[in-house]
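Next up, some structures in structure tokens.
Each of the next two complexes has chain A plus one more chain, namely chain B in the first and chain C in the second.
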Partner chain A sequence: MELLRILLRSNRFMAGFWIVTAVLAFALLGPTLLTDVGPFQRVGGLFNPPSRDALLGTDNFGRDVFTQLMYGTRTSLYIGLVAGFVATFIGVTIGTLAGYASGVIEEALMGVTNVLITIPPIVVLILLSVAVDARTATTMGIIIGVTAWPWTARAVRAQTSSLRTREHVAIARISGVGSLEMMLVEILPYMFSYIFMAFILQLTGGILAEATLSMLGLGPFQTVSLGTLLHWSLLWESVRVGAWWAFIPATVFLSITTFSLILMNAGMDEIFNPTLRHTR
Partner chain B sequence: MLRVFRNRPYLLYLTRKAFWYLVAFVAAVALNFFLPRLIPGNPVSVIVGQMSAGAVESATLERLYTAFMRDFGLDQPLHVQFWTYLTGVLQGDLGTSFMLYPSKVWDVIRQALPWTVALQVPAILVGWIVGNVLGALAAYKGGTFDRFAFTGSLMLSSIPYFCLAIIFVYAFAVHWPLFPASGGYSFGYFPEWSWAFFVDALYHYALPFLSLVLVAIGGQAIGMREMAIYELNTDYVNYAKKLGVSDRRVVRYVFRNAMLPQITGLAISFGTLIGGALVTEAVFSYPGLGSLLFTAIRQVDYPMIQGITLIITLTVLLANFLVDIAYGFIDPRIRAGQVGER
Partner chain C sequence: MSDGPILAVEGLTRVFGSGRHANLAVDRVDLAIRPGEVVALIGESGSGKTTVARMLLGLLPPTEGTVRYRGVDLDTLRRREGMRSYWRNVQAVFQDPFGSLNAFYSVRRCMLNAFKLFPRRPPRAERIARVREALDIVGLDVDDMLTKHPHQLSGGQRQRVMIARALVVQPGVLIADEPTSMIDASSRAAILNILLDLRTRLGLTVMFITHDIGMAYYTSDRLFIMHLGRIVEEGPADDIIRDPQHEYTKRLLADVPTLSREWIL
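After this line comes the complex of A and B, so read on.
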């Protein structure tokens, strides 16, 4: 609770937090409150400019861009969340195990992690997406998550190995606490702020990875996401015909979402990492 | 320890690195081989089935089927297939393209690769250098300069590459037509070593290059600022200041020490930035690997996709290895043999 009070005082964190909340509210409540058409419903012709009927005009199929933006933001955030949870879960598990176990197990786990870090993530993402035939938003989130965990694993391992030498861990060991309980009770809780920050970064990375894959044409089927919106505008040349309403909203929403998440992260970094505060 | 490495810590460092890169290379080739084989059923009939949805003659289909069956070697057991694939790759044989049949995948990639390298390597390097100087300045000066530089960098680095690219195309090529909106050179030109072509290519280069560099600057500046602030608070800096060592000299020490992790950061950039950079190419229809990948995915050209991912991995591994070699030269602790692996 003490931590929460400090967080509430950080301007950067709060600014990021409110923007994220606004985007989230728009994506969750928008489809029921702000529109009465579906994301795939035709409401006009090819690239109608913004009007009272369609606040942000229509896209190449005559669909309402404003409605698509809400549904698209929802899908993108959902994929980012799934990816963030999967990546953080795998990363924390492997990192804690490697940091706590030491010896051969640590060597093996970190060897795998380091090799996977060297291979560019986009490559594995493309190959996996091509191999998975029916991509839903959930499968995309999982695909992104299982390729993104190595960074978290490496960072968590470093934290765990330093925590392992703390006194309270030594005392617990003398009292005969088992390995699993030790990791869950004596080590994990001390890394929560750290893990939460890693999660925010993974969430941001997940949203970006979705956009990248979708823009390349490997997006989720039968769903709108911010990435697929941009993919269509690329395929249908909306940029070159100057139909700004078809691509600027998705571009701005992607940038705003990632910016505010990174802002939150920077705010937390300053608080949990006192060495980063400027002394001058 | 082996005798060859005695008193040669740099050689030991290099051999270790080379070993790990070899492992990563084999892992990457294995992923490239196995992941497409996760496609349920016989991939060749799936592929040919998808193609027959379009209007392709049955004679052509049959020829394709035999060609791909031979390429994939699907009648062989898995480990034989993998061996065939591995020896093929090592001989530069990446199979035959579907969409540009009967062109070899490698021949198509070979034409696109120079454009990608010429666009991305300078963008990453320039972004890295400018970003580091900016980050160090922000950390040193503090105050208003720092606040503006930091927030600006944060903003730049959180704009996805392709978003900035889209905005640039719209703003500077469509709304104000100052630069060409697409391609690597004008219609009617042909890639050759001539002055006219060079100028034309440079004109097409400007926008994609700028959109990549700006985002790269942001990310690097943030990292450097963090490192430099950390260094500025260390004991040796405080001690030097108390001794009355001149500011310029202190800054030089701080910069050099903060620089080391940033060199590792350069290696990371090559791997993580390539994804966004590929899409940037697609946005500009730049004649590199990104645009090729975009088309290959739309046309379900598996051998081409597989070839491109493999070449990207190899290029990134090679770039990382070069950075690691340089790092070994620069970090005196490695020459002295005081630092273990990773």
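After this line comes the complex of A and C, so read on.
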């Protein structure tokens, strides 16, 4: 409760929180409240400039950019969430196991992790995306997640191997607490704040990775995402023909979303690391 | 069997690291504790006393040497019955009452944890009864205490909870690693008296691990003086205080403030 109060007083966290909330509202409520056309419905011609009928003009297919932006943000956030969950789950599981086990198991798990870190994730991402046929938003999120966990695993391992030497862990051990329960009950709760922050960073990374892949043409099929919007605007040379409405809005939304998530993260850092707190 | 030591170590050695960075923390330590005895292992920071405690508890494997409980090697015991049976008999209280309790759970949950040591847990009513009894022994207000979380307790209260937790399983030996060094002076005597009281009331064997030779003298029958990983002197508390043999023991005694030297002698 104390933490929550400080959190609510942190300007950074609250600024980030409100922007994220606004973006979420736009993506989730927008389609019902702000528009009456579908994401794939043609409302005009090739790159119509913004007008009363289409607030942000039309794209290369003659579809309403403003509407696409809502659906696109929704998809991007969803992919980011899936990727964030997958990456955080794998990273925390491997990190906790390695940090707690020590010895051969730790060496093996961290060996694999370190090898994966040296491979540029974009290469793995592209190969996986090409290899997987069914490219839905969910599979994309999973693909991004399974390539993003190693950093989280390293950080969590470091925290776990420090936590396992704490006295409460020794007390739990001589109370007969077994290994699985030890990790779940005695060690994980002490990392919740860190894990939550790592999750937000993974979510941010997931949104950006989706944009990267989709711009390369490896995005989800039959779906609008911020990345696919940029993909089509590039393919149809919107920059050269001066159709700024085709790529600026998606870029701005991508930036705002990731910036506000990182802002929230920085705000939480202030809370969990009191030396960074602003004194008033 | 009953005259033999309840807990004994022989040639106990522990090396941390390896190669050029090897650090000999504990060097061929021998010691034996008889049932019902209160002993103290005395040494400064870095003398290896806490490492001995962790090996005695089976939390850290020794590099060499053995720990015997009632004459049975700890490795044999581990293989035969598992460590849980050992921890039903040998329990511990640690130095830091703020770090010993899991901050996320209530006192009741922390204490009920100890019943995991039993292959067949007693029924819940009996478990709660034993938790209440243990809290009562250490002089805590039982009804008030059970639902409290660690951050709602003072250092002295937490350390009492830790002692009560150790008592829940009714062990024969209690290893108290610096049980009072992080508690304010006013609760210190109370904690020590609770621990000493346990011997008379429950016949508990207690091993204190401390840097404070005055406290050790006040509480213990026999003292073991540890310096740079080795036991340099051992014997009845009175003999060591009156007639220290080893240079290090003399230095330790000379370092005790004058006020308490009068109190000791």
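To be clear about the criterion, the second predicted complex is superposed on the first by the 273 of 280 C-alpha atoms of A that agree within 3 Å, B and C clash if a C-alpha of one lies under 4 Å from a C-alpha of the other, contacts with A are read in each partner's own complex, and residues count from 1 in each chain.
Basically, a residue touches a chain if its C-beta (ideal position, glycine included) is under 8 Å from a C-beta of that chain, and two chains touch if they have at least 3 such contacts.
All figures in this text were calculated on a predicted structure; none of them were measured in a lab.
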item	value
Touched partner set for A:R42, first chain B, second chain C, both or neither	neither
Touched partner set for A:R9, first chain B, second chain C, both or neither	neither
First, second, both or neither for A:I119, with chain B first and chain C second	first
Contacts of A:A211 with chain B and chain C, given as first, second, both or neither	first
Superposition-derived comparison: chain B or chain C, residues of chain A touched	B
Touching partner for A:A131 - first (chain B), second (chain C), both, neither	first
Footprint overlap on chain A, where chain B in one structure and chain C in the other make contact	none
Chain C contact footprint on chain A (complex, rising order)	166-168, 170-178, 185-186, 189-190
Complex contact set, residues of chain C against chain A	54, 57, 59, 84, 87, 91-92, 94-96, 99-104, 113-118, 162, 165
Residue ranges of chain A touching chain B (in the complex, touch as defined)	110-111, 114-128, 130-133, 204, 208-209, 211-212, 215-218, 230, 233-234, 239-240, 242, 244, 247-248, 251, 254-255, 258-259, 261-263, 266, 275-276, 278-280
Of chain B, residues touching chain A in the complex	20-21, 23-24, 27-28, 31-32, 35-40, 142-143, 146, 154-155, 157-160, 162-163, 166-167, 169-170, 174-175, 181-182, 226, 229-230, 232-233, 270-272, 274-276, 278-279, 282-283, 293-294, 297-298, 302, 305-306, 309, 312-313, 316-317, 320, 342
